[in-house]
Amino acid sequence: MSTQPPGQAQAPYLRIENVTKRFGDFIAVNDVSLHVQRGEIFCLLGGSGSGKTTLLRMLAGFETPSSGKIFIDGQDMSEIAPYDRPVNMMFQSYALFPHMTVEKNVAFGLEQERLGRQEIKRRVGEILEIVKMSQFTARKPHQLSGGQRQRVALARALVKRPKLLLLDEPLAALDRKLREHTQFELINIQEQLGVTFVVVTHDQEEAMTLSSRMGVMNHGQIVQVGTPTDIYEFPATRFVADFIGSVNMFEGKLIEDEPDFVRIRSEELGGVIYVSHGISSAPAATVWVAVRPEKINISRRPPTPGSGVHQPEAGAGENVVRGTVKEIAYMGDMSIYLVQAESGKTIRVTIPNVARHMEDRITWDETVYLSWHAESPVVLTR
Amino acid sequence: MGIPMLWLIVLFLIPFIIVFKISFSEVRLAMPPYAPLFEWLNGKLVAVKLNFGNYSYLFTDALYVSSYLYSLKVAAVSTVMCLLLGYPMAYAIARSNPTTRTVLLMLIVLPFWTSFLLRVYAWIGLLKTNGVINNVLMSMGIIHEPITMLQTDFAVYVGIVYSYLPFMILPLYSNLEKHDLTLIEAAADLGAGPFTAFRRVTLPQSLPGIIAGSLLVFIPAVGEYVIPSLLGRTDQLMIGRVLSDEFFENRDWPVASAVAIFMLGLLVVPMMLFQHFEKRTIEARK
Amino acid sequence: MKSHGLFSRTVLVFGLVFLYVPILSMVVFSFNNSRLVTVWDSANSPTMKWYAALMSNDQILGAAWLSIRIAMIAASGAVVLGTLAGIALVRFGAFRGRALLAGMTTAPLVMPEVITGLSLLLLFVAMEQAIGWPKGGGAVTITLAHITFCMAYVTVVVQSRLVGFDESLEEAAMDLGARPVKVFFRITLPLIVPALVSGWLLAFTLSWDDLVISQFVAGPGSSTLPMVIFSKVRLGVSPDVNALATIMVLVVASGIVASSIWMRYQNKRRERDMRLAASANL
């Protein structure tokens, strides 16, 4: 599986090659290979136990790979201790030194480089300006709020102008409002300074917003790498489809397999699905079809052929299913409908609430028809 | 890391080996007053004289047997008394509000920082025949003749409980403080009266604290020297006193060593138990 | 629930009385004119004459001075060694001899002092035979002995402080370029200073107060304060000892009260700072 974005001729800035990490019998990271380009924000997304934090720690130098190599800007990191690496980390707990002021915290890394006092002062001032913490130089960490501490931690890591900045769950400790704001600030700062970011997170929203490219990890392996759009719209496996956002998954059998369309009969769905693109992998007997909730249309009447909902090539009754509304969750900006199809399967549909007054809104226990465009489903073979 | 290890090996482990070795040698009227174990002649090991007599002496002479047993008894009784007094105190402190708690803990710990020796000495003044307690009781008419309290078992119990109380309270408190009070509420909700709730919820959970505190009192109490010397009986000695006398008065280092080794043997099991609990408490805190 | 609380609180009060009556009686009787200590001589008391006697008692003053010197050195030595041991036990996973180190550092906590004292003396004697040092007993042997047994207490204090320590602070320092030794001195040490201070005070008290071990390893010329007191009180009560006790109680009590006031002040300031920060915008 190629992880290099097309059209990039230069050598990757960060090269992880066949890295494995074992703790006794337990394999935390299993033969992972990855390339990250200079100036990218690359996110490693995974649940707990997926190995993402271990991988990050190996980049920082706090763990050594059991096998495999890591190259940063062409340099082999195998023998290099954390304090000698051109890498800096922003810890999840921020790890600000409680007995030092903001200024001293940020200056610490520069002091280790034996820079002159004037130079240090200048650069500390610069970076604090960028993170907007200039007026807090004399404060100690316990005198700062969570968001302020985070910015100091960021400043401290960035002031050394590292080749690679590692961020461990950067937004986990912030509340929702702050999180959104900080997400965009992080992107701005990164663009301004041009540092390569590697972010580890379990929060898909965070990954989708921040990354230029991301990798999904499960059980110590990288399952898929790509841009957020790639991952969301073209998941490679059922795991990825299910992990990112919500998805409706229908198991079925291929009944027609052509280069530019396929037909699948699904007992689970209780109908036939017509997909207007071919599958690139070898045809297997059983496949899964993933349809995202927002791609499904809900109405009281069955869609008429030619009404623009589905391709003309699709037969009548394909990409349509009838069911009863069982649950409705009103989220303000959208509503989530759980519809039970005649086959018994529960299908999740999300509809944006486009009009303020919808007296005629579909309600519980109504019989409805769900349909989707032939381009919407993704066919997965694993 | 190597430095403390080295230090301790030299100053802690080796001394024990030496004590062990000397416990096997004969007493001599010389300096040092014991015979060497190994006879060297022309650089070759000629003879090894192991004197088990010291140990058999311990078992046959009534003085030693009775001293060991007495020490164990006194230590055990004192530990129990200390527990009975200390547990409610620790409980009360753990259940009081945070500000009171700090003050109370301070009060408990303060005597510990003042001289152990002086505090035991204070009891002499209290327990003497014409001491404070007797004077007060007589002047109140409760008794007509002074009670003999010094140089009795009772005095030793009081002395040990008094001196070691903080050592009992602190581990108990530290355990009780961590208890989840909602468990008691749940028990009450399920119909348990306060005593039942205590017996079946609090007490079992506080067991590690009880064991830690008891060992912290019992083990050193067995070898106590100061308290029995100042307050205790003259006709029945505790083993710490016996060891010291053997060493300083009789100048019989081998026997003193044997006494020490045997005492260690008696205490090895409780000491290992204590270590095991220390490790568990530290790990639980991680 | 209520009856529960009442019982334990009563015992608590009784216990506190029990703890303090002896101390108070010593203090009261230090002002008693009568040599009989416990018989209050109301005609001539209260008096400061025992304090005066104390001040001119060279033996006691000399012993006190020796004890202070020994305690200061022993406490410092114990802190250095105990901290190293504590760090080794908490941070260095498994290493050869770990169980041994752990055992040797917890054993003195419970070991009867007569055993420690005896074994150390025998060691010093054997050393004197083998290499000619140390000659006789003396302040040196006492200090060495004290360092050894005080070290255990410091290790426990340091261990318990380190266990709760945030390791990511040390990792962050290394990440920023500091080598391990630097990390220790600039990050770890400053943050465990309170534990080191209380360890030092603990070691000081234990050394200053020690009788049994000192008796075993002391030489003819050196008598520590507890040794002097002990030989006096074996013969019975003695009012100048009461005076000494009162002075010590006062010093300790004022020290403890002062430090807890200071700690309260620090905590209040910290809380205020954190509240201010939390209410700040972003």
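Order as written gives the chain letters A, B and C; numbering starts at 1 within each chain.
Note that in this section a residue touches a chain if its C-beta (ideal position, glycine included) is under 8 Å from a C-beta of that chain, and two chains touch if they have at least 3 such contacts.
A quick note: this is a predicted structure, and the numbers were derived from the prediction, not measured.
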Taking each chain's centre as the mean of its C-alpha atoms, which one lies nearest the mean of all protein C-alpha atoms here? C
Greatest Cα-centroid separation from chain C: which chain? A
In angstrom, rounded to a whole number, how far apart do the mean CA points of chain B and chain C lie? 18
Provide the C-alpha centroid distance between chain A and chain B, rounded to the nearest whole angstrom. 62
State, to the nearest whole Å, the distance from the C-alpha centre of chain A to the C-alpha centre of chain C. 56
Seen from chain C, its contact residues with chain B in the complex are 1-5, 7-9, 11-12, 15-16, 18-23, 25-26, 29, 36-39, 81-82, 84-85, 87-88, 92, 95, 97, 100-115, 118-120, 122-123, 125-126, 129, 144-145, 147-148, 151, 155-156, 159-160, 163-164, 205, 208-209, 211-212, 215-216, 226, 229-230, 233-234, 236-237, 241-242, 244-245, 248-249, 252-253, 255-257, 260
Of all residues in chain B, which touch chain C in the complex? 1, 3-5, 7-16, 18-19, 22, 32, 85-86, 88-89, 91-93, 95, 102, 104, 106-111, 113-119, 121-126, 128, 130-132, 135, 162, 165, 184, 188, 194-195, 198, 215-216, 219-220, 222-226, 229-230, 240, 243-244, 247, 253, 256-257, 260, 263-264, 267, 270-271, 274-275, 278-279, 282, 285-286
List the residues on chain C that touch chain A in their complex, please. 166, 168-169, 171-179, 182, 187, 190-191, 270, 273-274, 276-278, 280, 282
Footprint of chain C on chain A - complex, ascending: 60-62, 81-84, 87-89, 91-93, 95, 97-99, 108-109, 112-113, 139-140, 142-145, 147-148, 156-157, 160, 178, 181
